[in-house]
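The chains carry the letters A, B, C and D, assigned in the order they are written, with residues numbered from 1 in each.
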Amino acid sequence: MRYIWLIGLCATAALAEQPILFPHNKHMALGLECLDCHSTADTRAAAGMPSVRKCMLCHEKLATDRPGVKQVRDYAARKLEIPWIRVYGFSPSALVKFRHAPHYRANIDCTTCHGEVAKATVAEATVTHNMGTCLSCHRQKKATEDCVACHY
Amino acid sequence: MATAVQIRQDKVREDLWRPLLQTRGRYVVALVLAGLAGAWGLAAWGYQIYEGLGVTGKRRPVMWAFYITSFVFWIGISHAGTLISAILRLTHSRWRKPVTRAAEAITVFALMIGGMFPIIHLGRPWVFYWLLPYPNNRLLWPNFRSPLLWDVTAIFTYLTGSVIYLYLPLIPDVAHLAEHTTGWRHALYRALSLHWTSSDREWHALERAMKLMAGIILAVAVSVHTVVAWDFAMSVAPMWHSTIFGPYFVTGAIFSGIAALLVVLAIVRKTMHLEAYLQPVHFDNLAKLLVLMSLLWFYFTTAEYLTTWYGNEPWEMAVLGARVRGGYAPLFWTMVVCNFVIPFVLLGIQRLRTIRTATISAAAVLVGMWLERFLIVVPTLAHPRLPAAWGTYAPTWVEISICGATFAAMALLYLVFSKLFPIIAVWEYEEHVSNGRI
Amino acid sequence: MAHRWGMAIDLDRCMGCEACVAACHAENNLPVSDPAQAAKGRAVHWIRVDRYYEGEFPEIRVKYMPVLCQQCDEAPCEPVCPVYATYHNPEGLNVQVYNRCVGTRYCGNNCPYSVRFFNWFEPKWTAPLELQHNPDVAIRPGGVMEKCTFCVQRIERVKLDAKAENRPVADGEVQPACVQSCPAEAMVFGDLNDPESKVSRLASSGRATRLLEELGAKPKVFYLQRGK
Amino acid sequence: MDRRNFFKIVSTASTGVLTGACGKKLDRYVPLLVAEREIVPGEEVWRPAACGECGAGCGVIVRVMEAERVVERQGDPVRERIATIKKIEGNPLDPVSGGRLCARGQAALQGLYNPDRLRGPLRRVGPKGKAEFAPTSWAEAIAVAAEKLEHVRAKDPSRILFLTGPQAGTRALTIARFLEALGAPPAVTFEISDFPIERKAADLVFGWKGLPVYDLANARYVLGVGADFLGGWASPVFYARQFGHFRQGRADLRGRLTQAESRMSITAQAADLWIPLPPGTEVLFTAAIAHLLLREKLARGPNGVPQQVVQAFEAFDVTRAVRACGVEERRLLRLARELGESERPLVMAGASVVQTNSLESVITAHYLNLLLGNVGKPGGVLPPAPEPIGGRPGFANALALLERTQFVFLDGANPAYTWPASTGVAQKLERVETLVSFAPFLDDSGAYADLLLPDHHMLEATAAIVPAVAPVAAVTLATQFVEPLYETRATEQVLTELAKKMELTFEPATPKNVLASALTEGQTWEEAVRQGGVWAAAGGVEAEQPKPRKTGTRRGEGPTAPALELSAPSFFGDTSQFPYYFHPYPSLQFGDGRAANLPWMQELPDPVSSAMWGLPVEIDPQNAARLGIRTGDLVRVESAHGRLEAPAYVHPAAIPGVISMAIGDGHRHFGRYASNRGANPLSILAPVWEKSTGALALGATRVRITRLASGRLIQFSVSDREQGPWGYR
């Protein structure tokens, strides 16, 4: 039995500890932008999680002495991906297909759905995602209310 | 068969209240058995919810089967009551008085049971409330174009109406009972009596309310079964899409309703020793009604099958053939015998018409009407328009258990009801007796 | 103008090889039943190949036609759903919303083409077969109806790509899995609102017929009859 | 190629360029061919690969996406992101598949993710044939194999037998080199899917090495004889694509297809006319058409045909064909006229179901094509393209070889399933001293193995394969791009390690070193990898003119070149005892049985009967009625060599007296989806061979059939004929 009405709760289920306490704020302060790492948010459905190799593009050289970075390098050396725990997103049983690109094109700020991640250290789910929040925004923006736009 | 017996007024109360206050061993045994059977059905349902609907015999294309059959059957039975008592009330038939409460109780219980089936039959029964219109932040509403939603509406309306209709004539009785009982019974009756004081104003209001409800319930009852018929008739499946289905189903419903009433009355009469109250004349009159409905049912069935046969459309003929000559033929001919031959012969011939034959016929009709519903639901679905999708159906133990358990549930509810309330409206009967007529 | 998706199936090209059936399974995460369930009529194929025999041996011919959801404009399945789990979307798709479905199966009864399938159980896959699952398509839970979607996930993806490149969707760019796989190119998919699209031209050709057309369901799958 | 597929390939090839243009992104630094760890969740990458499901060798593209699996590491479950393949489609650049793919090819995925795949090397612990194995290490397994192999080689290297599948490519070449280094005889294929008859006929008549290419797309009238070319014969996707074009691809021109076959095959279904031929009468039918062509003066190219053959055709007595085939002369004449008067006639001949006289039948058909003057012309019979990679295993009847062999390698061959039980294959395999199987699954033959050294699945492998039929010289390339799921090892690597252990000089053939020479000018290896193959430029229809051999010339050890032999087929089994022809045929979904472990294929409704999870015995309505058999009844089919039990399917288009059955089910060992499911029609065949090639004569056994009990045939849908009167079954 799937409790699909608990969609919203699924998003908050990821409060478990991340493998590395990635400080979003520090990276943002260095002038990076969301899209630098989540690089397909503007054109594709998925925003994209950076691979460990992408981390290593910078951390091959930079800040190699920090404990977090050491962890990253350790993963890279062992050819393992960092097992990030998903913070946002719908569980497969929610049967929702969210696509980032149209939202990006509609100039929806990342913070609308993801909160102030830029100021946060470790990402946490601060915004609840459920059909109510989706729909109210869609209605406000006169976006599609066709069920199949998200459910297929 | 009709022999008038004079009954004293105080004897009436004694006779009719006795079953409420005395419990015999047989009653307990019946209660436990019915309870066990009902629990078995619930367990089967629990298993079905846990495992999925696959534990039934349903398949593509026969996606509706036992449950919908039982649904239609029980909704049909529910016409026993209310409709019959309402008709009789509105036509001021005097002989109705010992019959009405028993009939109205059947209605309420049959509706409760029948109303469960659409939920049992859902793929995801835990979200059945999505069929109800309620405001939500997703702005989702049910589809008012769907006959199933009409169904939900109609059944809720009918259930509400029937409960009120059962309750209204109960008020004077429970008020009386409250005076003569103590303990929890007293509290229950007192609460239910709404502080009835038996004033003229109250009597007047009650009479008016009952008359009004009788009128309303008649309209609702007819519409309910028409709506149930439309579940089928509104679709494009062969031999479902028929204009005759509304009246056909209403007829069938009243037919099976009378049969159910007859069976229940016979049982009540026997087990509660109410031979003096439920007299041959009641059975005789109901038997005549049964024959009338049997003829009407036969007429409709003939009209339905004859036009299909004459029209000779291949898709419809596939279904007709399956019913009349194919694999479902044994069921079909059993149905004809049960619904027409038996009642017509046993009850149509005056010499043969007794309480016993009336009960036998009524039982046959119940079987026949269940089969009729099965034969409407399954062969049509088993023979969709494209022959590639044809399939067969056989029920599994889960379906049989659940459907069988509903009969136990009916018995259980009736047993409990007969323990709480007099099965014959005492005040009406007293009125009846005081008028010096039966 | 909004799209109105439709399909043409050329029965003269089709030879019943069932590549479309396999493609549909791969694309749409169709559950594989086991033999016991298959024997009970619970196997799921959103697209199937129907067989009809004409004549008697030796002058016998076998006709076969792929039958999938016909995406009817006047779909009989739509009005009967009590919860709007199946409805017509602005692009003419006959959509099944799994989230909303409560499983009355009324739509399945009312489908003259018998192309709707019910999930009798929670679907299961033996590991690691589930690694093949297409993440773009929902895994339908038990108790809901499902059917051919015209590969709506592919439609959405193409529309997304076209939007990203700021261009209209080209004719033939959207290809449901069955259409894509068909070796004989018997299946053509496209926009019926575009009179120049290949499917529009085929749909208005003399060979085009529709299945059970007399029911008036206005299906959007056109069958091009075999030539002489 | 269509637009969408084009984009797939281009975007695969140029991901870096596109994203590089977007300035701000770091992506531009990510290498082009991303390793699997770089796959973005939710995003797809399309990579070219090769389909190894049958010998057709279609080029495919696969959709790679991220997925998560849980693996055990040091006892702990660890979530692991891996690249997984979601879907297989045809490679639009590939001249064989042209961007399309058949059902079996698409189901290859379920081979990759099959729960019954061998996880690593296994050694036998129980008796042979009992399939009791214990895990072992690769080092140990190779050491054991090397020791045993060395032992046999030292005594007599000719006692080493390598049985392979019919595919040519780097694998075959590697095996050939390995055997050469060992001093062992070359690898042998003896499977039913190699089309030895067709190869031999082309060689004998035209001197062509390989399967002829029929230009169906450009033909106008096609007469198919015995070749179910739409249902799995030779190259199903290639011919199906052409068929679409043949029918409706040309403005105002619709090709007509007449199919003469002993079964209502997929091709016969699609044909405009099916001429049911009793088994083995194809040769008489073809000869009759040739005779009538000559009589009607419709033969265009009699000069290309040896004089003796023309004379034989002229002397042919049509009534003989009329009697044997049961086709009226009037009808034959009409066919001959239609064929002769067509602007571009073509006869497509083959032996989907081999008979003892199948070679003669195909040869006769080739002569018929020569009479029609279509050889080497558009819409006619084209010569096979040269094979860029050598080493195609030779076809031979391996029975005698197996008899005296001590060490057997199995790769792509499953003799315990495909050889009839009457050959004693089980005992022979049991007798073999050492048997090593490279199959990724434990199959029927693997049960007899001493060592199971599972190969990667084709979709995990690096390989180059040569398509069986291609319009141009073609190599389909696959490079490894997902990590193998299990501790499997490429057979090339295993052979290398064996060779190393035995100190042989051996170098495996890799696509790169083999293809270096095949690359055309300006082509780079990287480009070939990205495209998924190397293909010569199209055209060149007239490039190689056929040179029909003169009758009577001898060539090496070969048989006499094809004079016209019009012999009757022979059948094994007494007519009075075994009154029916038995006609096992390769099935659409399982081929010769090697796809039976794919659940999608098991659940794919059989094109004939719509049966799932078990194939039926097909019988005609007349005989069925006589024997009291109804669809679904359990029947027993008995030959002099065995019997099988399966549900019956009363097929309205079955030829009376011919009991057909699709091949594919009835495996002893083949994973949970195929083991002990259904019956194997090959198992009851008589050991009868087409005499010249040694190919198993599939259709040469006679059987009787009896009804055992009522049963159940699992069908997905029923045809309109299967309903009884009043629509009740």
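Brief remarks on what is shown
Here is the rule we use: contacts are C-beta pairs under 8 Å (C-beta built on N, C-alpha and C of every residue); 3 or more make two chains touch, one makes a residue touch a chain.
All figures in this text were calculated on a predicted structure; none of them were measured in a lab.
Counting C-beta pairs in contact across A-C and across A-B gives the higher total for A-C. The chain closest to the protein's centre is C, with centres computed as averages of CA atoms. Each chain gets a centre from the mean of its Cα atoms; for chain A and chain C, those two points are 34 Å apart.
Chain A and chain B, compared by their mean Cα positions, are separated by 57 Å. Centres computed as Cα averages put chain B at a distance of 42 Å from chain C. Rounded to whole angstrom, the centroid-to-centroid distance between chain B and chain D, based on C-alpha atoms, equals 65 Å.
For chain C, the set of residues that touch two or more other chains comprises 48, 50-51, 84, 100, 122, 141. Multi-chain contact residues, meaning those touching two or more other chains, occur in chain A at positions 1, 44-45. Touching two or more other chains at once are residues 388-389 of chain B. Contact residues on chain B toward chain C in their complex (touch as defined above): 51-54, 57-64, 118, 121-124, 127-128, 130-131, 140-143, 145-149, 152, 231, 234-237, 381, 384-386, 388-389, 391. On the side of chain D, the complex with chain B involves touching residues 717-720, 723-729.
Those residues of chain D that touch chain A in the complex are listed here as 19, 24-27, 29-30, 37-38, 40-43, 78-81. Within the complex formed with chain A, the chain B residues making contact are 126, 137-139. Chain B meets chain D in the complex at residues 317-319, 321-322, 324-328, 383, 387-390, 392.
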